[in-house]
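Next come two complexes built around subunit A: one with subunit B, the other with subunit C.
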Partner chain A sequence: MIPAFAVQSLSKRYPHFALEDVSLSLQPGTVMGLVGANGAGKTTLLRLLSGLAAPDAGTVEVLGHRLPEAQADARREVGLASEDMRLYRGRSLDWHIDLVRQIFPSWDDDYAATLVRRFDLKPQQTLGGYSHGQRVKALLLLCLARRPKLLLLDEPTTGLDPVARLEVLEALADVLRDERRSVLFSSHNTADVEQLADRIAFLHAGRLVADADKESFLDQWRRVLCLGAAPPTLAAWPEVAAVRSAGSQVEVRVRAWREDLSDRLAAAGLRVERVDPMSLEEIFVTAVRTGGAA
Partner chain B sequence: MSFAPNLPLIRLLVVKDWQLFQKQLAAYVLAGIIALALLGLAKPWAFHLGATLLLVVLVAAACFAISTSLLVERKEQTLAFVMSLPVTPLDFTLAKLAGNLLTFGVPYLVLLGGTAMVILGTPIPDGFVVFAVLVFGHVLLAYGLSLAVAMRVESEGWNTFVMIASMVLVNPFIMVIGQIDAIAGPARTDAITWSAPALAILAAQILLFALAIAWTAWSLGRRPAFY
Partner chain C sequence: MYQQIVDQITARVMAGDWAPGQALPSIRELAAGSGVSVITVKRAYEELERAGLIATRQGKGSFVADRPDQARQLLEAGLDRALDEVVTQAARLGLDRQQLHRRLDEHLDAAPSSNPSEGSQS
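Up next is the complex of A and B:
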């Protein structure tokens, strides 16, 4: 089966930033959340995946098209929307729809009409009169109604008020029910990613820190609260991501939880008080601080 | 990598630019017609006022076409939307050049034709046509250079500098060709005389304009990607 995208040993260097040696792929029908702080390289990776940027090293294939050589062919099957993308303020949504419809034979008029109603947009109104949330929804409509095989969304919910954010997330959740469609969306909001993604990749300072199924992240990471004195070698245990002591309390963040770890901690002189699951945000922060998740 | 342009898509993008800017450019044409009407009065005060207004309109139309279709699109981030469509750098470059040449070319040609008609149809000496065409030639060259820079350089400051500098040079240009007897002399008569210096200047203007546009199309169209 042809992957929705596959990048291998990908690098892109700018004067003050470099994306280095990223290898990542997405199987069809999968939703991947790309999590990273501002400046982590999410936009650069999405530009490379849409053929807008050419890599300095490595390869990019999207829906079987080699990029950037076949960028136009790939973008016929890809919906790309980014937080820094704007529509023409002096023109209406109808005008934009008419333009995009002429370019994409796959344009679905019925679906577009459904989305207009769902997003409560006024198609004849010029976009200058739209709120930021409405403009984001209009942009998503223009992406979704062309029925792309792969959706690339760069920070789609950034700057939205809670209501608009919820509407956009619900619309995306609907789209994601289509098992043939693959989605990569970037965000620094781990709650959005946790809600929508099947697979999660962490990007930090231009490097891929982790890439795994959401469930394996949530299953494997644990916060273990102990009493006692942490042995000096604890932080070097392969399954331990971070150790923090406060008085007699020791918090151990574990990247690969196993039931026998409690016994090993006890043998090392620590009494395990609690074992809690970690949120995706905690996992992300711990992973980037420690330089890896797996 | 295919270097065959997608002509239907380029046509769509050109039409898009035309639709976006046609109202404002119609306003420039209207202002130009007022300038031509003043020229047509064939009185010294009206001639000077009309000529000044015509130059202002031409320069403004040139700067408007470049700034709205390139600089403002960059600033307002609508270029990102265009680049999300299935366009290659070659399609994008050709569409931007063609759209810009169309949006400026239409008012430019209307005003050039109108100026010639006014000169030939009023007591203004017919020989002044050559002088007027050379002035129009300078604006065309300044426009071509400004467009080439705007396509390549993102800095708003540099673009503004090149646009203003090249357009403002029309004043010394008028003074220079006014000092060339082979051009200034026949301009005061009813004989339309294309002297060797006039033809050489016009040829240089057209050649440099064509080179600026061709170099821009060639160099930017060959890029493998936008970034």
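Up next is the complex of A and C:
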């Protein structure tokens, strides 16, 4: 099976930022959530995959097309929606639809009409009068109705109100029905990633620190509440990400949970009170604060 | 998150919405319909299969198992987990057996009419 994308030892250097040695691929029919703090390299990776930037080292293949050589073939099948893409403020959504339809033969008129209704957009209004949320939805519509095999979305839900966010998430969930389509989306909103992604790719300071299926990734982490005094070496245990003491309570955040850890904590003088799973949000914050080891 | 899907399906089977032998939506269909990822639904189906509530036939998808009592067992297991948690909390508060029983009775009295009727107050 040809991967939706595959990058090998990818590097891209800018004066104040570098994406270093990223190898990552995505199987067709899969949704990958790209998480990372501001400046971690999410947008750079999406730009490299969409051919808007060329790598300094490494290879990029998108739907079997090697970039930049087969750029034209890749463009036909890849849809990118990112906030820095410009729509013409003086033109209407209908005008944009006509433009995109002429360029991409895969354009689906019925689906476009469905999305106009679902996103509650006025097709004749000039986009200058659209709110931020409406512009985001318009951009996504122009991308989705092409029915690209690979969707690249840079922060698709950022800045949307809860209703618009739900509309966008539902439209993305629809894409899942077709097992040949794949999605890579970056998001600050870890709840969106937790909900929609099959895989999680975690970038930190230009490096890929985790790439795993979502359920296994979440399964590795635990918040362990203990009573007692934390031994000074606890924070240095390889499976421990963070230790916080408050009075006689010690909270241990564990990045590689195993059942035998309870006994080892007990042997170190800590009584385990409870063990809870962590949300992606908590994992994300813990990993970023502790230097990105996930 | 997969636990929510497990609970939803269990509840629907218990309620009789989904009868024994009935085909379940495909993993992709349910994922798209409920707006969660494919892998989450897959994990939930695996869990339900392990619990014996659903059966998967190669190439034919998943079905509600012919033994509806499995749904009850799954809910029983959930109740046991919740009770374990109650016991842990009570120990933390230093409640003795009698005090805990009293607290449980108070909750039963305060709950709406779905109370177990036996022993209810007049």
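By our rule, the second predicted complex is superposed on the first by the 290 of 294 C-alpha atoms of A that agree within 3 Å, B and C clash if a C-alpha of one lies under 4 Å from a C-alpha of the other, contacts with A are read in each partner's own complex, and residues count from 1 in each chain.
To be clear about the criterion, a contact is a pair of C-beta atoms (placed from the backbone, for glycine too) under 8 Å apart; a residue touches a chain by one contact, two chains touch by 3 or more.
None of the values given here were measured: they were computed from a predicted structure.
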Three-chain arrangement built on subunit A, subunit B and subunit C clash or fit: fit
First (subunit B), second (subunit C), both or neither touched by A:Cys226: neither
First (subunit B), second (subunit C), both or neither touched by A:Ala112: neither
First (subunit B), second (subunit C), both or neither touched by A:Ala145: neither
First (subunit B), second (subunit C), both or neither touched by A:Arg274: second
Degrees between the directions from subunit A toward subunit B and toward subunit C, using C-alpha centres, nearest 10: 150
Subunit B or subunit C, by number of subunit A residues touched: B
First, second, both or neither for A:Ala201, with subunit B first and subunit C second: neither
Touched partner set for A:Ala81, first subunit B, second subunit C, both or neither: first
Subunit B versus subunit C as contact partner of A:Val250, first or second or both or neither: neither
Subunit B versus subunit C as contact partner of A:Gln102, first or second or both or neither: first
Partner chain(s) touched by A:Leu34 [first = subunit B, second = subunit C, both, neither]: neither
Three-chain overlay, closest Cα atoms of subunit B and subunit C, distance in Å: 27
Doubly contacted residues of subunit A, that is, touched by subunit B and again by subunit C: none
Subunit C-facing residues of subunit A, complex: 29-31, 169-170, 173-174, 176-177, 179, 194-199, 213-215, 273-274
Residue ranges of subunit C touching subunit A (in the complex, touch as defined): 1-2, 28-29, 31-40, 43, 88, 92
In the complex with subunit B, residue positions of subunit A that touch it: 47, 50-54, 68-69, 71-76, 80-82, 84-91, 95, 99-100, 102-103, 139
In the complex with subunit A, residue positions of subunit B that touch it: 1-2, 6, 9, 12, 16, 19-20, 76-78, 80-81, 83-88, 91, 224-227
